[in-house]
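The structures considered in this document are given below.
The two complexes that follow have chain A in common; it is paired with chain B in the first and with chain C in the second.
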Partner chain A sequence: MQKTLEPIIVTAVALLFSVLLIALFITSTGNDPIAVFKTIYKGSFGSWFSVQNTLVRAAPLLLTALCTAIPARAGLVIIGGEGAMVIGGLFSAITGISLSGNSPIFILTAMMLSGAMSGGLWIALAGFLNYYRGVNETISSLLLNYIAIAILNFLVFGMLKDPETLNKPSSFHIGEANMLGVIGESSIHWGIVFGILLCLLLWFVSLRTTFGFSVSIVGGNPRAAKLAGISVGKMIVISCFIGGACAGLAGVIEVAAVHGRANGSLNSGYGYAGILVAFLARHNPLAIIPFAVLMGGIQAAGGLLQRRHGLPDASVEVIQGMMFVVILGSEALYGRMPFFKNKSIGVSV
Partner chain B sequence: MIDTKQKAGVNVSRRTLIKGAGAGAVVAASSLSPVAFSEEKTVNMGFIYVGPKDDYGYNQAHYEGKSGVAELSWVKAFDEEQVAETIEVQKSMESMIQLDGAQILFPTSFGYFDPHILKIAPKYPDVMFLHCGGLYDDSKHPENVGSYFGYIDEAVYLSGIVAGHMSKTGKLGFVAAIPIPQVLRNINAFTLGAQSVNPAITTNVVFTGGWANPVKEAEAATSMIDQGIDVLTCHVDSPKVVVETAEKRGVYSCGYHTNNLALAPKGFLTGAEWNWSSVYAMYAEKIIKGEKIPNLVRGGLKEGIVKSSSYGPSVTAAAKADAEAAKAQLVAGGFSIFKGPIKDNKGNEVIPAGKAYQQTDITLESMDWMVAGVIG
Partner chain C sequence: MTTDIGLWGVLIAVLGGAVRVGTPFLFVSLGECLTERSGRINLGLEGNLVMGAMVAYAVSYYSESPFLGVIAAAGSGVVLGFLHAFLCQNKRVSHIAVGIALMIFATGLAFFFGKAFIQPTAPRLPAVSLGLWSDSPIIQAAMEINVLFFIGIAIVPVLYFVLKNTRWGLMVRVAGESDSAARALGFDSRKIRWASTMIGGAMASIGGAYLSLYYPGSWNEGLSSGQGLMAVALVIFARWNPIYCFFASLLFGAAAALGPSLQAVGITWGYYLFNAAPYFLTLIILVLSSSADKTLEGMPGEFTR
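Coming up: the complex of A and B.
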C-alpha cells in the first residue's frame, strides 16, 4: 500500500513545489500569480469548451509519451517519437490514398495498421542498432527524426503532392468520408480514446504480465536478465517496436482526424512534448494519462495567458520546464522518507 | 544525524503542501466568470501567428499591423504567437471567439487555411475569418471566410533595382524557404529588377527547405558570400539571420517582411515590407460601420498594402533615382514586372514577346519557373 502511495505523494509534493516556483516566476514578470493561476484554470478546465480544448491537445501526447515510456522500461532512452509519428502519419496517408474507394472502416483499419507498423519498425531500428551494433539509441533515434522529416518532405514535395496544394505542399486528401470523426456532440476526436486505451493496455502488459516483467528485468540489469534466460535483444527490439507503434498511431490520428493529408504539420513537436510527459510519469503508462492531460491543459491555457496577461508564449515553456525539473529532482526523495521505510517488503515493479 | 535531516525534509514538504493547498483552494474558488462579450461599440479582433511576434519577419509584420489597429480607441485587439498549424490553431480560434468575443479573426499563417479555418468557420457564421494568402475561392468556401494579400513582388522588384546598382560583382544571393509560386515570384521580381539595371546580373538561390531554419539560412548566406556574392536578400519567415550574416561579413543586404535597418545599420540597402495596419484598420472600420466585409482584398504599392523600406546609408543617388522612378510607375499603374519576352533559366520562353501580365493575373499565382539569370 505504502509502496503505491509513495510515488503519488512524492509527485504531488513536487507539483505543489513547482506551483510555488511558478508563482515566483510569474511575480517576477510583474503579474499577479493568483490572477494568472485563475486564467490557467479558466483556459484549461474552467468550462466545457476549455476541457475539450485540453483533451484534444492531450490526445497525441498520450501516444507519443508511450514511445519514450515503453522502451524506457527496457532501459533505453528513446527520443524518436517525432520521427515515428511523422513516418506513421506518412504511411497511413499513403495507405488511405491508395485504398480509396473501399469502405471507410476498412480504410481506417488499414491506415492504423500501416501507421503503427511503420512507426514501430522505425523505432525498432534504433533498438536493433542498440543491441546488435552498440549504437547509442538516444542519438540514433534523434537522428532518425531528421531522416523521417526528410522522407516526408521528399514525398509531399514530389510524387505524393496534390497539385492543388500549391503553396503548402501536401499529399492528396484521404477523403472526407474516411476521416476519423469526433465523439458525439463534442469537438474531441477519437484519438483520445485510442490514447487512453493503449495507456491502460500497456500498463497492464508492463506491470501484470510475464512479458512486462521480463522487460523490466532487462531494464534493471541486462546481464542478470541474460542469466535468467531472457532474450535481451528480443525484449529491447519488441519494446521499441511497441513504443514506435504508439507514436506511429499518433501520426495516423493527426492525418485521419485532423489534416486529412500528410504534410509538414505532422512535424510539430508532439513527439518531443511526449518525452516530457513520459519522464513526468516516470515511464508508468497509467500515470501518462493524468500528466498528458495536465500538459494539454497548460498548453490550452497558453493562448489565454498571452491574451489576458501579455505573457509571451515562452512563459508556457518556462512553466512546463519548471515542473519537469522539479519532478525529476524529486526522484532523489524516493526511499529517503522514513514514513515509507521498512514497513512493508513488497515487490516493486 | 541522518534522521534529523530526513525529518527536516518531511517538514519542508509538509509546509510546501499546506502553502500549495492554499493556492489550490484559491484557484478552485474562482468561479467561472461569464463569457466577456464585447460592449456595444467595440470591435474585437483576434490575431494568430505561427512564430514569435518579434522575428523581424512575417509574424512581426502582422504583429505591427495588430499594434497599429489596436491604437484605435474602439478596437480591442488580442493575439497569440507560436501557434502550430495543427488542431492547436483550431482551438485558438475557438477560444478567441468563445472566451474573448472575437468578431473577426486573422489566422495569418498560410497553413492555417486548409483544413483549420475551413473546419471552424462554418461553426461560427457570425464571425469573419480572414486569412493572409491567396486561397479564398468564392465558389466553394463559406461566406464568412475571406483572404487578403499583397503584391509584395513590386517592392521586391524595387529592392532588385537598388541591388543591381550597388553590386560590384554582378552576383546577387537569395536565401529562399521552399520552391512554391509565391517565393519564385519574389526571386524572379528581384532578379528582373536587378537586370533592368545590368542585364548580365545573376542571382544565386538556395532553398533551405523550411520557413524557419536559422542554421541552414546562415550556412547558405555564408557560402554565397564566399562565392563572391555581394548583395543578399531572402524569403523566409525571419530575415534576421541572413541580414545579420551579410552585415557581419561586410556585404549589402535587402530586407524582407519588416524594416530590417536595425539589423544591418551599415550594409542595409532597402527592403520589401508589409503594411498590414492599413489593411486591418480598413476591416475594423467596415465592421464598426456595419458594412459588408469584402472576401478578397489584394493590392500592392498603390493600395498601400506593401511598401519599400527607407534607404540605407550607402545607397547611391543613381540607385535611389531609378528605384523611385520605377515606384512611381508601379503606383501609377500600367507598369508590368512580368512582361515578355522572358525566358526561364532552362532556356524555355515562359512569357512571349508582347505579353504582359498584370499583377492581378491569376496565372502569376502558379508560377513554377525561374527567370534566366537565376542559378539554383
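Coming up: the complex of A and C.
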C-alpha cells in the first residue's frame, strides 16, 4: 500500500502548494484567482469542446513522455524526444508521399512502421553510444535533436518542399484520403488511443514481465544485472529503441492526423514537454496518462484565459512552470514524511 | 566602394557575424561551463537568457541606462540560478527535469511581463568602432564590436585561472568530479554548486541582455532562437574549458552567420545543414574521444555513472 500511496500523497501536497503559489501570482497581477481557476477548468475539462481540445494536445505528450520514461527505467536520462518525433514525422511523411496511390490502410501502416522504426533507431543510437562507447546519453540525445531538426529543415525547405506552402514551408501533402481520421463525431483523432494503449502496454511490460524486470535491474545496478546474466547493453539499446519508437509515433500522428505534411510544427516543443511529463510520472507509464492530460488541459485553457481575463498567452507557461517546478521539487519529500517514516512500526496497512 | 565584393565580403561578414552572433553564446557557455564543472547541468539557461533579455530591456527603458539593464539582467539570472540550485540540493531531484521546468517558467514569466515592452524603444548598449581605418563600409560594419564582447573576453582567462589555480576553483572541480570525494575532503559540495549555478545563471542572463540591447537589439518573443539550450552542447564541444568555450562560441556564431552571408552572394544550398554542423561535429568528437571504459577528456566525473 505504502508504495502506491506515498507518491499520490506527495504529488497531491505538491499540487496543492503549487495552486497556492499560482493563486498568489494571479492575485499579484490584479486578477481574482478563483475566477481564473474556474476559467482554467472550463477551458480544459468544463465542456465537451474543451475536453476534445485537451485530449488532442495530450496525445503527442503521452508518446514523447514514454521516450524519456522507458529508457529511464534502464537508468538512462534521454532528452531526445523532440528529435525522435521530428525524424519519425519526417520519415512517415516521406513514406506517405512516395507510396501514394496505394490503399490508405497500407499507406498508414507503412507510415507508422517507418516513423516508429526511424524514431526508435534514432534514440537507440544514443543508447548504443552510451553502452558501447561511453558517450553520455543525455548529451548525445540533445545533440541528436538539433541534427534531426536540421535534416527536417534541409528537406522541407529543399527537395521535399511543396511550392504551394509559402508561409510555412512544408513537405508535399500525404493526401486527405490517407490521413488518420477522428473518432466518431468528435475532433479527437486516433492518436490519443494509440498513446493510451501504448502507455498501458508498456506499463504492463515494465512492471509485470521478466523483460521489464531485467530492465529495472539494469537501471538499478548494472553490475548486479551483469552478474545475474542479463545482457546489459541489449537491454539499454532495446529500451531506448522502444522509447524512440513511441516518440517517432508521436511524429507520425502529427503528420498523419493533424497537418498532413511534415513541417516545423514537428519541433514545437512536445518533445521537451514530454520529458517533464515523464519525470512528473516518475517514469511510470501508467502515471504518464493523468499528467499528460493535465498538461494538455492547461495548454488548452490558454485561449479562454486570454479572452476572459485579458491574461497574456504566456500565463499558461507561467502556471505550468510553477506547477512543475513545485512537483519536481517535492521529490525531496519522499521518505521524509513522518507518516511514512515509521513503516517498521507498522503504522499503515 | 563596390557592392559586389564576392567571397571576401562573405569572409568578412562571417568574421563580423562570428563576434556579433557569438557573444551571447560566449556568456551562456561560460556560465554553463562553470555550472557543469561543479557537477550540475542547468538546462534552464534558455529561460535565463530570455528573462535576462526582458529585464535588461525593461530596466534600460525606464532608467535610460543600458548598463543598469545589464546589471539587472544579471540579478534576474542569479535568482533563477538560485531556484535551480535550491530545488536540486536534494539528490532525488533531477537537475535535468528542473532545468526544463525552469526554462518553461522563466520564458513564460518573461513573455508575461514583457508584453508591455514590445513597442517602446530602449537605449541600446554602445559599440566600439574598430574599423575606422578602413573606408569599406563592410569592414566598418564588421568591426563594430560591442563592449559586452570585451567583457566576455576578459572573463575567459579569469574563469580559466580561477578554475585552475585557486582554492575555490579546485573545490568546484572536486565537487564536479566526485560528490563523495568532496565530502571526504570535508567541504559541502552543495554550497559550491549553489555558487556555481548562481554565477552561471547571471552570465547566461547577461547574454540575454546582449540580445535585447545590442543585437538584434529589441525585445520580442522570438528573440532567442534556442541559444541557451545550444550552449549546453557548446560547452561539451569545448570540453568544459573556458578558453575553448571562447573559440567554440565564435565558431557557433560563424556557423550561424555563414548561411545568411552565403545567401547574400547567391549560394543557398545546404543552408540548414550548415546549421547542424557544430552539433554533428560535437557528436563525432564525443564518439571518437570516448570508449566503453574511458569517458571524454575533461568531462566532470559526476556525469558518468
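Heads up, the rule we're going with is that the second predicted complex is superposed on the first by the 336 of 349 C-alpha atoms of A that agree within 3 Å, B and C clash if a C-alpha of one lies under 4 Å from a C-alpha of the other, contacts with A are read in each partner's own complex, and residues count from 1 in each chain.
Going forward, contacts are C-beta pairs under 8 Å (C-beta built on N, C-alpha and C of every residue); 3 or more make two chains touch, one makes a residue touch a chain.
Please read all numbers here as calculations on a predicted model, not as lab measurements.
Would chain B and chain C fit next to each other on chain A once aligned, or clash?
With chain A aligned, chain B runs into chain C, so clash.
Look at A:P312 in the shared chain and tell me whether it touches chain B only, chain C only, both, or neither; answer first, second, both or neither.
Touch status of A:P312: both partners.
After the superposition on A, what does A:N167 contact: first (chain B), second (chain C), both or neither?
So A:N167 only meets chain B here.
So, A:N153: does it touch chain B (first), chain C (second), both, or neither?
both
Would you check which partner chain A:S268 touches, where first means chain B only, second means chain C only, and both and neither mean what they say?
first
Identify the partner contact of A:K234: answer first if only chain B is touched, second if only chain C is, both if each is, neither if none is.
Neither chain B nor chain C is touched by A:K234.
After the overlay on chain A, which stretch of chain C ends up in the same space as chain B: 44-52, 98-106, 260-268 or 296-304?
Clashes with chain B appear only in stretch 260-268.
Under the contact rule defined above, give the chain A residues that sit at the interface with chain B and also at the interface with chain C.
In chain A, residues 153, 157, 312-313 are touched by chain B and also by chain C.
Under the stated contact criterion, what part of chain A meets chain B in this complex?
Contacts found on chain A: 12-13, 15-17, 19-20, 23, 34, 37-38, 40-43, 46-47, 49-50, 53, 56-57, 153, 157, 165-169, 187, 189, 254, 258-260, 263-265, 268-270, 299-300, 302-304, 306-307, 312-313, 333, 336-339.
Considering the complex alone, what residue numbers of chain C touch chain A?
That would be residues 41, 43, 83, 87, 89-90, 92-94, 96-98, 100-112, 115, 221, 229-230, 232-233, 236, 269-273, 275-276, 279-280, 282-283, 286-287, 290-296, 299, 303-305 of chain C.
For a test of understanding, state which residues of chain B touch chain A in their complex under the given definition.
3, 6-7, 9-10, 13, 16-17, 19-21, 23-24, 26-28, 30, 32-33, 52, 78-88, 91-92, 94-96, 98-100, 110-111, 114-115, 133-135, 178, 180-182, 209-210, 365-366
Which chain A residues qualify as touching chain C in the complex?
Listed in rising order, the residues of chain A that touch chain C are 75, 77, 79, 129, 131-136, 138-140, 142-144, 146-147, 149-151, 153-154, 157-158, 222, 272-273, 275-276, 279, 312-322, 324-325, 328-329, 331-332, 334.
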